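Here the chain labels run A, B, C and D in written order, and each chain numbers its own residues starting at 1.
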Amino acid sequence: MKNTATLLINCPDRKGLVAAIANFLYTYDANILHADQHQDETENRFLMRVEWDLADFKLDMDAFGAAFQPIADRFSMEWHLKLSQRKFRMAIFVSKYDHCLVDLLQRWQSGELWCDIPLIISNHEDCRRHADFYGIPFHVIEVNRENKAEAEARQMALLQEHGVNLIVLARYMQVLSPAFTAAYPYRVINIHHSFLPAFDGAKPYHRAHARGVKLIGATGHYVTEILDDGPIIEQGVIRASHRDTVEDLIQKGRDLERVVLSRSLRWHLDHRILVCGNKTVIFD
Amino acid sequence: MKNTATLLINCPDRKGLVAAIANFLYTYDANILHADQHQDETENRFLMRVEWDLADFKLDMDAFGAAFQPIADRFSMEWHLKLSQRKFRMAIFVSKYDHCLVDLLQRWQSGELWCDIPLIISNHEDCRRHADFYGIPFHVIEVNRENKAEAEARQMALLQEHGVNLIVLARYMQVLSPAFTAAYPYRVINIHHSFLPAFDGAKPYHRAHARGVKLIGATGHYVTEILDDGPIIEQGVIRASHRDTVEDLIQKGRDLERVVLSRSLRWHLDHRILVCGNKTVIFD
Amino acid sequence: MKNTATLLINCPDRKGLVAAIANFLYTYDANILHADQHQDETENRFLMRVEWDLADFKLDMDAFGAAFQPIADRFSMEWHLKLSQRKFRMAIFVSKYDHCLVDLLQRWQSGELWCDIPLIISNHEDCRRHADFYGIPFHVIEVNRENKAEAEARQMALLQEHGVNLIVLARYMQVLSPAFTAAYPYRVINIHHSFLPAFDGAKPYHRAHARGVKLIGATGHYVTEILDDGPIIEQGVIRASHRDTVEDLIQKGRDLERVVLSRSLRWHLDHRILVCGNKTVIFD
Amino acid sequence: MKNTATLLINCPDRKGLVAAIANFLYTYDANILHADQHQDETENRFLMRVEWDLADFKLDMDAFGAAFQPIADRFSMEWHLKLSQRKFRMAIFVSKYDHCLVDLLQRWQSGELWCDIPLIISNHEDCRRHADFYGIPFHVIEVNRENKAEAEARQMALLQEHGVNLIVLARYMQVLSPAFTAAYPYRVINIHHSFLPAFDGAKPYHRAHARGVKLIGATGHYVTEILDDGPIIEQGVIRASHRDTVEDLIQKGRDLERVVLSRSLRWHLDHRILVCGNKTVIFD
C-alpha cells in the first residue's frame, strides 16, 4: 500500500510559482513521483497536482499547513493536501438498476477503488441483496413528491453520521435539491446516460433513438444546482445503427455507463481532478 | 469498372415481400451481389437494398420499370433503381476553408468517389486554385443579407444547367433557404462540426470548449428546412482535454470533418442510404 | 419473452437461393423479423440468417427438418435451426480473476444473456462465493502439469452430465487440449487480453507495455486447436500512454475484457454468428 | 506567430531536478507556458518538456547553453533547446500513393504544420504535379535492387544540400538501409498501415483480411534499423467487418493513415516527443 501525499493547487497564474513549490518540497527532501500542471488561459489560472513519497519526507504532515501557508498566501492559492492512506468515505445512491452498483462493488472489493463505503442509500429494496453480499449497510429511504425535503434530511443525517465525503449516484433516478448539492460541492458524481450537453434531462436513450443518432454516449460529471450542467469529468460513446431499438440502446449504454462512471470515480479517488470554472482539469 | 443495378425499396412491412422481390430477380437470372433489408418497427416499414450484376441479367434495363411496377403496386412500394454506370452529377459548395474540399477532390481523382463534378460554387475566391488544379469549373457567387434570394436563384440556375443531382456542402458557411432545400430533398449533404444534436447552429467548437466536453464530434447529415435537423448519416468523435484551446479543437475537428463527410458522401454515391421518417438506414 | 425461429445457412453461392428460402418461408406464412445475408467472395459461400415469428407460422417445428431438407439438398446447405425458447446450456470456466465472471452473472440475472448456466468450473476456490450468490453449482477441478488429461476428463464428464452446449472461458488461465476443443467446435468462447494477432500467448499486457503501444486491446474468439488462432468474434481497444504502468494496462484492460467478452457471447446466444473459413460473419 | 523556447530534458531521476530547472528559468524571468514531466520507472529516467515565452526572457538565447550547462552537468542531462521560430527543414519521401502527401501539403499550406519543406523525393513521377502545385522541388530517384546504395547516396546528398533535419515517409514503399536510418536517428517518421506489432512487414491489409480481424489500424513510428520496430508515436484503429473486402480495408485504412501520420508529425514539429528506451513519451 502506497504512502504518498498529493497537493492540489489552484491560483492566479504568476511567474515563480513552480520554483516556489519545487523549492519548498526539495527543502524537505521530497521524492516527487508525479507532477502535472496546467495554465488555463481563459481564466488565467495555474493548476497543479504534485504527488510525492512520504517515506523520506522530512516534514511532519501535521506541520505541513503551517509550513506551506506562507507560500500559499504569497500566490493566493487554494490548496488541498491529500494523504493516500486517508481513504475517502463514499456513499452510493442507487434506485432499481443494479448494473453500475454491482460493477462498482466488484471493483471496490478487488482493490481497484481505494475508499471506504460505509453505506448504500436507495429508494427501493431491489439492490439490498448486493449490499448484503458485499457486507455494506443498506438504507432504504422512500422518496416521492410529498416527502422529498424530509427524505433528503434523513439522507443527509445518515451521510453526516457516517462521515461521508463523497457521493456516487449509480443510476439514482432522483434529482437532488439545490440545498443537497450545495452541501457537497464537487463531492457528488453522477453518471448521465447521454453525451452531454445532448439529451440532458429525462429519457435520453428514447430521444437519441427518435433523433436517429449514430453514436450514443454517457457522461460522468459533478452534480451542481442545475440539472446535468455540472463540470464534465469523462465521456464515452458507442456506435448505434438503424437496427438498434430503444432497448438495444439501453443495453449498449449500460456498458458505457459502467466504464465511464468507474473511471470518473477513480480519478476523483486518486485526487486527479481540479475544477476550474465549470470545467474539470484531469491530471491523468 | 463494375456494371450493376441497385434497387432501393421502402414500403409498408408485409409478408411475402422478400419472396416477391427474390422471385422477380430470379426470373431474369440475376446474380445477386448484396442484399440487405430492415424492418423499422416504429414506422412499420420494410426497407431493402439489393444489388445485382448486370452481366447476365435477362431483362433490358429500359424495360425494368414496366416489369417491376406490378410488384411495386401490390406492396405500395416507393422504389428507385440505380445503375452503377450512371454517375451522380455532384456540385460542391465551399466557402474559405479548403480542408474538406481538397480531401474530396483527392479522393475523387483517385477513384474513391464515383461521380462527376461539373462545378464548384463558392461565395469567395479563395479555393479557386484547387478547382483549377483538378480541372473543375469554379463559380463565385457572393452571398450577403441583401442578395440571398437572388444569389440562390443564380446557384440553382447553374445546378440545373449542369444537371446536378447531388450537392455537398464542404464547410459552406451559409444557410440554405427552405425553397432551396425543398428543391433537392435528401440531395444536399452537409458536414456539421459537432455531434448533433449537441451544439447545433453557430460556433460549435467555441461552445464545446466553453462547456468543457471531453469529446468533440462531427456529423454528416441531409439538409432539410430546419437548420442542423435533417437525417443523420454518420457521426464521429475524438477526445478533447483541458489542454485543448478552441484552436486545438478546431484543428482536431478538421480531421473528423474530412472523414465523416467523405464517408457520408460515399454511402450516398453507393446508394446505401434510405431515409425513413427523419432517420437514415445505412446498408453498409 | 419472444417466440421465434432462426435459420442459419452456409452453402456454395448460387442463383435462386434467396428466392427458394423466401418462398419456403412464405408458403408457411412466416412473419420475417430479420434477414441478413452475405456473399463471401474468397470462399464463394453464401451465408444467411433469417429470424421469423412463430406466432402464426403454419409449419410445426418438429416437421421443419423434413420440409426444408429438399431445399437444403438442392443447394448443398449446411443449416441450423434455433428456437428462441430453447436456451443454450452454458458453462463458465474461471480461474482467480473474478471481473468477467461477476459481469457475466449480473448480465445473466438481469436478463441480458438468454441462457441457462447449470455450472461453473474453476481450478481455484476463489470465485465460489459469486457462484453461491447467484445460485449456480461451482465445481473445483485442480489442474496441473501432471493431471491435465484426467482433469479434462472430469470436466467433460460434468459438461456432458449437465447437457452443456456452450462454454465461456472468463479469464480461465489454462490452455485446453486439442481433444477438448475438438469436442466443442465453435462452442468455446475465450477472451484474450490483446488485439490479436498481436501479443498472442502469455502476458500480453507486459509485452504491450514493453513495446510501447499506444492502444491496448481485447479479443473475443472461438477456441480452436491452435492457441489464440480461432475465428475472431469481436475486438476492442483503449488508449494507453507513457504514463501507464503494466498495472494500469491490466486495469484498463479489464474494462475491455468485460465488454468484448459479453458482446461476443451475446451474439452467439442470439445465433448471430456464422463461421466461414477461419473468420466469423456477424449478423448484428 | 509565437516566439517561445522549448527545453527537452532526459536524465536519471533524482531529487531536486524540478527545483533546479524552475529556479534557473525564474532567475531569467521566464513566463512558463507549458511544463510536463514524466518519471519512467522501468528505466529510472526523468523526462521533462518546458516551454516559455521569449518576450520578456532575460537571457540571450545564444548564451543559454553556457548558462544552463552547469545544471545539465550536475544532473547528467541530455537536453535540447528548440526555438519556435527556427523551423524544421522537412523532406517528404513518397512513392505512387498520393493520399498522405496531399493531406500533408494541404495541412502545411494552411499553417497546421510549422516547417519548411525544401524538397520531395520519390522513386516515381506520379506525384510531381502535387509538388508543382504547392511549389516544392520534386526529385525522382529510381530505386531498384541493383542501385539501392547509390540511390540512397544521392538521396542523402540532396538532404544534406537542403539542410534537412526531418524526413517523413508518406507511404514510401522502400525499406531504408541501416546506414540511412543511423544518419537520422529519431528523425525519420513512417506510417505503417497496421496496428503494430500486428502485421509488421508487407501487405498488412491482406493479412488482416485473411485473419478476419474486426479492427484495422495504422501506426506512426520512428524508423530504426529493424523494420517496423522503432518507437511508436501514435496509433489509430477503425472497425472492419465481414463485409469488407481487401480493397475496402485499404480504403478505410487510408483515412487512418492520413490522420495518424499527420498527428505523429505535428507532435514532432512541436517538440512534444521524447524517446526513452524504445518507447516515446508524448507531452501533449
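By definition in this document, contacts are C-beta pairs under 8 Å (C-beta built on N, C-alpha and C of every residue); 3 or more make two chains touch, one makes a residue touch a chain.
Just so we're clear, the structure is a prediction, and the values are computed from it rather than from any experiment.
The minimal number of chain-to-chain contact steps leading from chain A to chain C is 1. Averaging Cα atoms per chain gives one point for each, and the point farthest from that of chain C is the centre of D. Look at the contact of chain B with chain D and you find the same residues on each copy: over half of the numbers used there are shared.
On superposing C-alpha atoms, the copy chain B sits rotated by 180° relative to chain C, to the nearest 5. Computed from the mean C-alpha positions, the centre of chain A lies at a distance of 37 Å from the centre of chain D. In whole angstrom, the spacing between the mean C-alpha positions of chain C and chain D is 42. Among all residues of chain B, those that touch two or more other chains are 243. Contacts from chain B toward chain A in the complex involve residues 38, 40-41, 195-199, 211-215, 217, 231-237, 241-243, 245, 276-282.
For chain D in complex with chain B, the touching residues are 98-99, 102-103, 106-107, 110, 112, 129, 133, 243, 251, 254-255, 258-259, 262-263, 284. Taken together, the chain D residues at the contact with chain A in this complex read 15-16, 18-19, 22-23, 25-26, 29-37, 39, 239.
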